[in-house]
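Look at the two complexes coming up: chain A is in both, with chain B in one and chain C in the other.
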Partner chain A sequence: MADPMKIRATVSGDVCDIKVLMSHPMETGQRKDSDGKIVPAHFIQTFTIAVNGKTVVDGGCGPSVSRNPVFGFKAKGPKAGDKVTVTWTDNLGDKRSDEATVA
Partner chain B sequence: MDLMRRTLLKGMGSTGVLAAALAAGVLRPTQVFAADWNKAAFEAKDFAGALKGIGVGSTAESKDLLLTAPEIAENGAVVSVTVVSKIPATSSISVFVEKNPMPLSAHFQFANGALPEARVNLKMGQTSLVKVVAMANGKAYMTQKEVKVTMGGCGG
Partner chain C sequence: MKQAIARFAAALALAALLPQLADAKTPPAKTPPAKAAAAPEEKDAATAEFEKFRAILEEDNPAELFEAKGEDLWKQKRGPNNVSLERCDLGLGAGVVKGAYVQTPRYFADADQVMDIERRIAWCMEKLQGFKRADLVKKPFSTDDYTPDLVSLVTYVASESRGLPVAIPQRHPKEVAAYKIGREIFQYRAGPYDFSCATCHGEDGKRIRMQQLPNLLEKRDAMRAYAGWPGYRMTGGLMHTLQWRMNDCFRQQRFPEPGYLSDAVTDLLTYLGANANGNIYKGPGIKR
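Let's look at the complex of A and B:
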């Protein structure tokens, strides 16, 4: 199981700014280790961001998203106190879901 | 004569079963994948193929699609890119790095009040065009920007 995500959601005016940092190696499957062996691909494939259980952003990633990916989104509607849930699944079937409160 | 007919029928029967098994076993997983992770698009080796994978035939250049990316990226492992779509009813944004081994990097679908904006960090193997495709009302809009990479972020 990967490390917890860092989720920050802040409201300014009527727009909510959602930032997510996921801890993940995001191996491309093209890199070679010191022995010249190819490091197998290991990357986040899909993620969803939901506010109070309603999906706001549905995302897909290829291996060319950076290590420990950072995403930034904006949404209209969420208010302080709302729950933001982020869930990801990687190509090896690993999953992680974390929650934060809109500030 | 009768025997031959038997064998023929038998043979036909088994191929039919095989076809059904193939259809059930091979088609079903890909359908699940399409709804989940778009394998065809993400594993496409060129921009045209990736575009086809997300179901886009042709794109129109648009000035309402704003792409912010660095002119020069010293480190190709982390290239921060921001996309803002001012096109009304934008439903999804896809980010491509044209010269990466698999150009499609990320794909976002917006719903329930999400603004069509996204920030994402990309890996870039070499100097390349970063292309962004936004879908709005079934039409595809595109914008692009070249990012020069001094040190590649793919491979070692």
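Let's look at the complex of A and C:
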């Protein structure tokens, strides 16, 4: 199981600013280790962000994204107290889902 | 005959080359003054861009992931003795984490030694949790696929000093001695390059490639340098502590690398840290 994410969601006006920090090695599959062997690819392929169970972001990402990536989104509608759920799936089928409350 | 032709051809080739050589030589002779005049401005623009870049990065620092991991490690029952580190005395009483980072290195009576935070946590892991020192120092620094527990623990403890002023004590005679030895080490020239720390960090405006080097003899730079650690490095995405920073500086000077958690590193950190006293610590940093 991967390490937890850090999620921050804050409302200002009618726009909610959602920031997600994911903990993931994001290996490209191009790198070699000190023995010259290729480090197998291991990266997040898809992720979703849901507010109170309703998907607001359905995204994809690939091996060009950095290790421990940060994503930021703006959404209209969410209010303080709403639940933000972020879920990612990587190319090895590993999954992680974390929740935060809009502030 | 063949030889003569070859010689002639060679002469021709040379003749053809010569004017180019002469051309290539002349412009550099003219440019230096112009370049020197343009350099400060160029550098300021580059610095400004770097500052912008850093400001954006600081908003979302992956160091937070290591803070969280370190907090878990701190509270978990671990090691052969199966206890947590919550009884560990970081200088402010058993289990007090808040403010501990900005007040180390300091003298610890139970160990009769001045210790920096990393050394102290390692001491607690050894004495309280029963870990073996040899295991703790075997692979002390972060690599692509491995972050030592100590690095996460230091990051967590450091984050608990966010917003507090750096106040490294200089009361106990051993703390004063550590500062003095640290100052000596900072100025000590040796190694194949005959470098000291001060060679790169004792003057304003020095840099390695595009990386500006702090002048650690100046309070302002000493404060800024100390504030950035522990730091998450974008290159490679690794979390590093001051123990690593000291080690890597010595490696770059081609010195023999100092022992991990050794007296020498603690002394150097006492010197650098006490020079940064009074600065408000903003928590774990982020590096290029």
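Points to keep in mind about this one:
Definition applied: the second predicted complex is superposed on the first by the 103 of 103 C-alpha atoms of A that agree within 3 Å, B and C clash if a C-alpha of one lies under 4 Å from a C-alpha of the other, contacts with A are read in each partner's own complex, and residues count from 1 in each chain.
Here is the rule we use: a residue touches a chain if its C-beta (ideal position, glycine included) is under 8 Å from a C-beta of that chain, and two chains touch if they have at least 3 such contacts.
As the structure is a computational prediction, the values presented were derived from the model and not from experiment.
Applying the stated clash criterion after superposition on chain A shows that chain B and chain C can sit side by side.
Judged by the touch definition given at the top, the superposed model places A:K6 against chain C, while chain B stays out of reach. In the superposition on chain A, A:S23 contacts chain C only, with no contact to chain B.
In the superposition on chain A, A:L92 contacts neither chain B nor chain C. Contact with chain B, but none with chain C, is seen for A:K32 once the two complexes are overlaid on the shared chain. Chain A is touched at more residues by one of its partners, and among chain B and chain C that partner is B. In the superposition on chain A, A:R67 makes contact with both chain B and chain C.
Taking the C-alpha centre of chain A as the vertex, the lines to the centres of chain B and chain C open to an angle of 110 degrees, rounded to the nearest 10.
Of the two partner chains, chain B is the only one that A:A75 touches; chain C does not reach it.
Our summary of the superposed model lists a minimum C-alpha distance of 6 Å between chain B and chain C. Put simply, chain A uses residues 26, 31, 66-67, 70, 72 to touch chain B in one complex and chain C in the other. For chain C in complex with chain A, the residues that touch the partner chain are 59-60, 62, 64-65, 68-69, 144-145, 232, 234, 236-237. Within the complex formed with chain A, the residues of chain B that make contact are 36-38, 42, 77-80, 82, 97, 100-102, 104-115, 117-124, 153-156. Chain contact summary for the complex, chain A toward chain C: residues 3-4, 6, 19, 21, 23, 25-26, 31, 33, 39, 66-68, 70, 72.
On the chain A side of its complex with chain B, the touching residues are 15, 26, 28, 30-32, 45-46, 51, 54-67, 69-78, 91.
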